[in-house]
Amino acid sequence: MDFSVPASVESLLPEVRRFLEERVLPLERDFAARGFFEVEPQLRALREEVRAMGLLAPHVQKEHGGAGLSLVEFAHVAEVLGRSTLGHYVFNCQAPDAGNMELLALAGTPSQQERFLKPLVRGEVRSCFAMTEPDRPGSNPAWLSTTARRDGDAFVIDGHKWFTSSADGASFAIVMAVTNPEAESPYARASQLLVPTDTPGFRIVRNIPVMGEAGQGWASHAEVRLTGVRVPAENLLGGEGMGFVLAQERLGPGRIHHCMRWLGICARAFELMCQRVVSRELSPGKPLATRQMVQEWIADSRAEMDAARLMVLRTAWLIEKEGAAAARDEISTIKFYVANVLQRVLDRAIQAHGALGMTDDTPLAAFFRHERAARIYDGADEVHKASLARRILARYGAKVS
Amino acid sequence: MDFSVPASVESLLPEVRRFLEERVLPLERDFAARGFFEVEPQLRALREEVRAMGLLAPHVQKEHGGAGLSLVEFAHVAEVLGRSTLGHYVFNCQAPDAGNMELLALAGTPSQQERFLKPLVRGEVRSCFAMTEPDRPGSNPAWLSTTARRDGDAFVIDGHKWFTSSADGASFAIVMAVTNPEAESPYARASQLLVPTDTPGFRIVRNIPVMGEAGQGWASHAEVRLTGVRVPAENLLGGEGMGFVLAQERLGPGRIHHCMRWLGICARAFELMCQRVVSRELSPGKPLATRQMVQEWIADSRAEMDAARLMVLRTAWLIEKEGAAAARDEISTIKFYVANVLQRVLDRAIQAHGALGMTDDTPLAAFFRHERAARIYDGADEVHKASLARRILARYGAKVS
Amino acid sequence: MDFSVPASVESLLPEVRRFLEERVLPLERDFAARGFFEVEPQLRALREEVRAMGLLAPHVQKEHGGAGLSLVEFAHVAEVLGRSTLGHYVFNCQAPDAGNMELLALAGTPSQQERFLKPLVRGEVRSCFAMTEPDRPGSNPAWLSTTARRDGDAFVIDGHKWFTSSADGASFAIVMAVTNPEAESPYARASQLLVPTDTPGFRIVRNIPVMGEAGQGWASHAEVRLTGVRVPAENLLGGEGMGFVLAQERLGPGRIHHCMRWLGICARAFELMCQRVVSRELSPGKPLATRQMVQEWIADSRAEMDAARLMVLRTAWLIEKEGAAAARDEISTIKFYVANVLQRVLDRAIQAHGALGMTDDTPLAAFFRHERAARIYDGADEVHKASLARRILARYGAKVS
Amino acid sequence: MDFSVPASVESLLPEVRRFLEERVLPLERDFAARGFFEVEPQLRALREEVRAMGLLAPHVQKEHGGAGLSLVEFAHVAEVLGRSTLGHYVFNCQAPDAGNMELLALAGTPSQQERFLKPLVRGEVRSCFAMTEPDRPGSNPAWLSTTARRDGDAFVIDGHKWFTSSADGASFAIVMAVTNPEAESPYARASQLLVPTDTPGFRIVRNIPVMGEAGQGWASHAEVRLTGVRVPAENLLGGEGMGFVLAQERLGPGRIHHCMRWLGICARAFELMCQRVVSRELSPGKPLATRQMVQEWIADSRAEMDAARLMVLRTAWLIEKEGAAAARDEISTIKFYVANVLQRVLDRAIQAHGALGMTDDTPLAAFFRHERAARIYDGADEVHKASLARRILARYGAKVS
């Protein structure tokens, strides 16, 4: 057993942390107040600095133009980046592009990689992933209403999507659509298609107001209508009927990315909480830190964050060593476990800040409202708990559908 | 024992409910999207309808122009109104005006009542309450930095306040300031002063961005600077050094108002959750409602809401019967208990809505982010828990500071 | 609304409390150390005192020889009695006899009442209720393996029961058995039969060791085998196929009894906790009571106990006013809600006592281990939560089996 | 990073597991029903088998006669042994002897080791550790009332101890007593003394009834009076005034032992829960395992156990690598974190068993009641949380006493 930080990233982490604090954090307030498009030029400039550090697209293999970190190595970096809303973006490993890069690296044809992956890895364009539908539950990705009908050398897509994050300004979308409705297994009915967003019939209805903010650009979640959207058959990603399988593949390492990012948020919130309680006085000379109820928040948060972190790193290690299939239980577990730790730590940090915690004078309020989604996207808590339990119980002989 | 709704309001409640649903709810979306000032004319029109129903300022005594409901009666009405963000406003019993009306009715001189209370009760003006300070903890209202120095026939106020809710557009503020710094008891140092907001030196620095929204008008929380603000001595409310005592008086029935409003929010969220889970299908013919984890949310929410409701009504009854002093324990208890029920019910309702719960397509997301403050304002959970416990333990002989 | 203690019992309660503390509590340690049979003579003597107070079998109608308290009145008395493990026994309203008295009063023929009810109410005999079976879930009382076959003028019963509480030394059992296996509704298959325990074939296999104690007499839970047990047909209680309906009837007021008893336990544990924390010093002059984490236990316990108590009293009032059917939701709710409050309060009280809390030098350890069953018997938490939720959701149109 | 089981014990663990299940588990019921002394001969025989496996006293260095496992290696073995109440005893690494062996190995003089340590490691005698006092809080081990007065070449001890586990039948006690009351630091006042239990004045008052059981022999917790107990000065362990420091030393690895034992209990309870829910039918063909509320218990338990396990192993690794002082935060954290996971997992396992869970027909009920102490001994949750938080906050500059 060895719980050390891998030597390969040990010296890197303080450097990333310093860059993040000195160069990225100062942009946060502008980003929050003025929106994505206003700060995009500055973000682009920062990316050039990261490129010079050799760390742009850190999770992508070197052959595809990335920095080529292993999953465990990237996990450590992702935790540091997660401290800022902008960290992953500046390093070009932000959702949904990060997952799309992985998909294209895994399943793209050479020409698809040339056309779609390379500009993405270089940070020249953005992309989106159109799977979720307003009328169908995210917990059942095998049940979609969007269709892609074969018509000669093309597919014609019709459907209604939402929570297509970052569609606003993206150059292409990966769209999940039913191509084989007659396939016996519901998991073999959908395919993924590469759809340039300027294709006629692809229309962003709105950026959905989420927790009071419609956002813009990368920081938005679109409702999308696809009406007779025609793409050449060569835009099919990874084979007909492979949509569901690929979506699952996308989730494995993506889970590690999200969880480590959440732990970065936790680390930031924890620090803010500690700083607050040692400096805020209840009466002269008597800081909040003297209050045992507050001490309990500190202790519980520390324990839960440590626990969560070890579980995610162990899962990353296991995926690396034995593959995502062998780590299925662990991948489910960290999803719900870490998301709940995140919510509790944020809740305590806000409470420790009192009225200030409700304001946008700290990043806590934004984390609190937007990261509430962590317990919902990529499978709600309940979905993961039930599926984990059923897999375990099946080993005891349960026949649980 | 009798747990029935008082006969005096039994027939009233369905009427209020119907008015709320037919006339008030349709305004919510506009209010959320376009802001307070845009919908103010419509709100004013609705208030005329409420006036015609004889229910404007329901909690204010008839002699002062209100509808004269008892505290228990008003509690029932407040629960119904709480279902909408706009309910209390339309009935002119919204915070902070409701509390200010009570203060003025209780402690105002006839001329103060003529000048400040009457227009407030008639709904012609708005007011605010400037107590909280950015540099001092809300948990220690005896420790204020704002001062009001006697200067001849006037007081000159200097200080810095924030979370002065609804200051934007208010015609006057009630300002807590230290007038007697040398008083032995820290609880006898502050006074309350009636300050027209057009007094020179009274300046709104900004509407504080709270959970992503700075808001406007009634729906805002201001940071305020008072610099050499001069008001005549007759603007003193209730005697020098009485500031803290009056602030406490203000909290008693105010606690009932808040708690019943929160329970109205719970009721609305619970209904939305139930409607959602019976209609949202996980697969054809299999609604969310069939999932036991969801059923547990329904059952736990029902139980907690019932419990909370009974505690608040009992407290209202006790205040009515024996006065707020006799109900001190209960008043502390409902504050933290109900606020936590509110947070849990909202959290479950959002989870039941999945991605939709994160959007502003339902009122849940706004409730979730803004009502997080319920555990903070008017005394954070921890303050009430500690003070309740110390009072109880004192009866067992504890000498606990 | 009126939350006062009913005038009819207001003066009674201090008297009952004093009797309990002065006469009953001193017996507890002997009962715990030496067992039921050793202290039975003293318990019998105390019952004579209670009889003289006119309070024996307080919940039973006067026409049947009881004290004739209403459900709400009895609820208040039951709470006081619950402070001691022996309280209900001394007043002859202990489970399972209390429920059996209610059943016999409700559904017994005059001759059954003469033979079985009267001696029970007078406290001359004890009884038991044999429903639960080791091989069948308690959550599905319609699914029993015990049968009662009609044979001429008699029924012949065969089956296997356990958790037949107090069978050891009981003079008769009420046995649930399937008499009509062919009935269409599973709820119409079982009947209840009065079975004297000296009937051939009725055999107590063992007093089941529960949490380390097999117990004895009233304080025991038996495993029972019924082999060809023959009772005359006139021993049928309330009609063939009525077993399930009667069992449900038995649960309604029984729920109130249990819940108020649990609240009595809570009250005792709370007092012990308060006394402990004000007297136990962490260092000279610094009692446990100064610790905020401890204060939080006090505050949370107080809040939860108040909430639970109001819910139970409201339910009792509703049953009295509109019948048990109208209070079905409330009856489910209090079962799981109060049982969980009980467990939390006991857990905190033990923690506050440290090592002493683990010992039998206080009653807390016995309450902790034995009352763990509160979340299991008469329907586990999960059963009540699911059934409450399904009833609520059915009103929203859900078709939830 | 490497999360693998160390190669050095990988092959050992299945062997230990098999031995435990085949040889040790069958003894449990007898032990529970008939007591320690009755099964002692069989336990002694099993120890001979373990000795033959070369695994007796696995945690003790080879030079002192143990198996010489490293802390991380032993942690893995301890988890397996923890599955049975008797596991650690059979391998001669049970509390309190295990800690006493460590103390003697660390601080004993050669002649102390010869006389006290060797027979202990060989399993020929038992010992106890007399620190806790009924009148002083365990959270303040610097505040003791027991004294050891120097009298020529001897110490004369007077005091009152309790929870001196396993004193019944022990051949010697290590007694904490104040030798230097005038020392400036309260942490330098106490010493540890080796006291043969047959020394005049050493008296076991009683085996304290704990959760209904006084127990006997190794499985008991004694109240002890020391009256003029005279031991030669050479029985001083580790220097005058070193008592507190040594007690702390004893806790570090002891924490790992306890936590891994608790995780063994969790593993056993989890297995029993899984086996139960797949086999117990709610209705024909519909096992408990189909219920989502039950699935949530499985998923939450799995997650929490994994989290706890990683934290303990990481702590063991850190102690091994950098010493206990460097791992102080982690040692505090695992104490409260794992103890609470243990309690929750046991609670769920019992709930899943229904009435059966309350009986002694499974080991769950005994685990539930006796392991409640895990949150109390060796520092209650609250003590560890507060001290962890204060250490963390001190790094942020807090001056928190």
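Lettered A, B, C and D in written order, each chain numbered from 1.
To be clear about the criterion, contacts are C-beta pairs under 8 Å (C-beta built on N, C-alpha and C of every residue); 3 or more make two chains touch, one makes a residue touch a chain.
No experiment lies behind these values; they were computed from the predicted model shown.
Participant: As a test of understanding: of all chains, whose mean C-alpha position lies farthest from that of chain B?
Facilitator: D
Participant: If you tally the C-beta contacts, which comes out ahead, A-B or B-D?
Facilitator: If we tally the C-beta pairs in contact for A-B and B-D, the bigger total goes to A-B.
Participant: If you average the Cα atoms of chain B and of chain D to get two centres, how far apart are those centres in Å?
Facilitator: 52
Participant: CA centre of chain A versus CA centre of chain D: separation in Å?
Facilitator: Distance between chain centres, rounded to whole Å: 43 Å.
Participant: Based only on mean CA positions, could you tell me how far chain A sits from chain B in angstrom?
Facilitator: 38
Participant: Among the residues of chain D, which are close enough to touch at least two other chains?
Facilitator: Correct list: 291-294, 296, 382, 385-386.
Participant: Could you please specify the touching residues of chain B with respect to chain D in the complex?
Facilitator: 291-293, 296
Participant: Flag every residue of chain A that touches chain D in the complex, lowest number first.
Facilitator: 1-6, 72, 274-275, 277-278, 287, 289-290, 292, 294-296, 298-300, 302-303, 306-308, 310-311, 313-314, 317-318, 329-330, 332-333, 336-337, 382, 384-386, 388-390, 392-393, 396-398, 400-401
Participant: What does chain A use to touch chain B in their complex?
Facilitator: It comes out as residues 132, 134, 137-140, 143, 162-163, 208-213, 280-284, 288, 291, 293-294, 350-351, 354-361, 365-366, 368-369, 372-373, 375-377, 380-382, 385-386.
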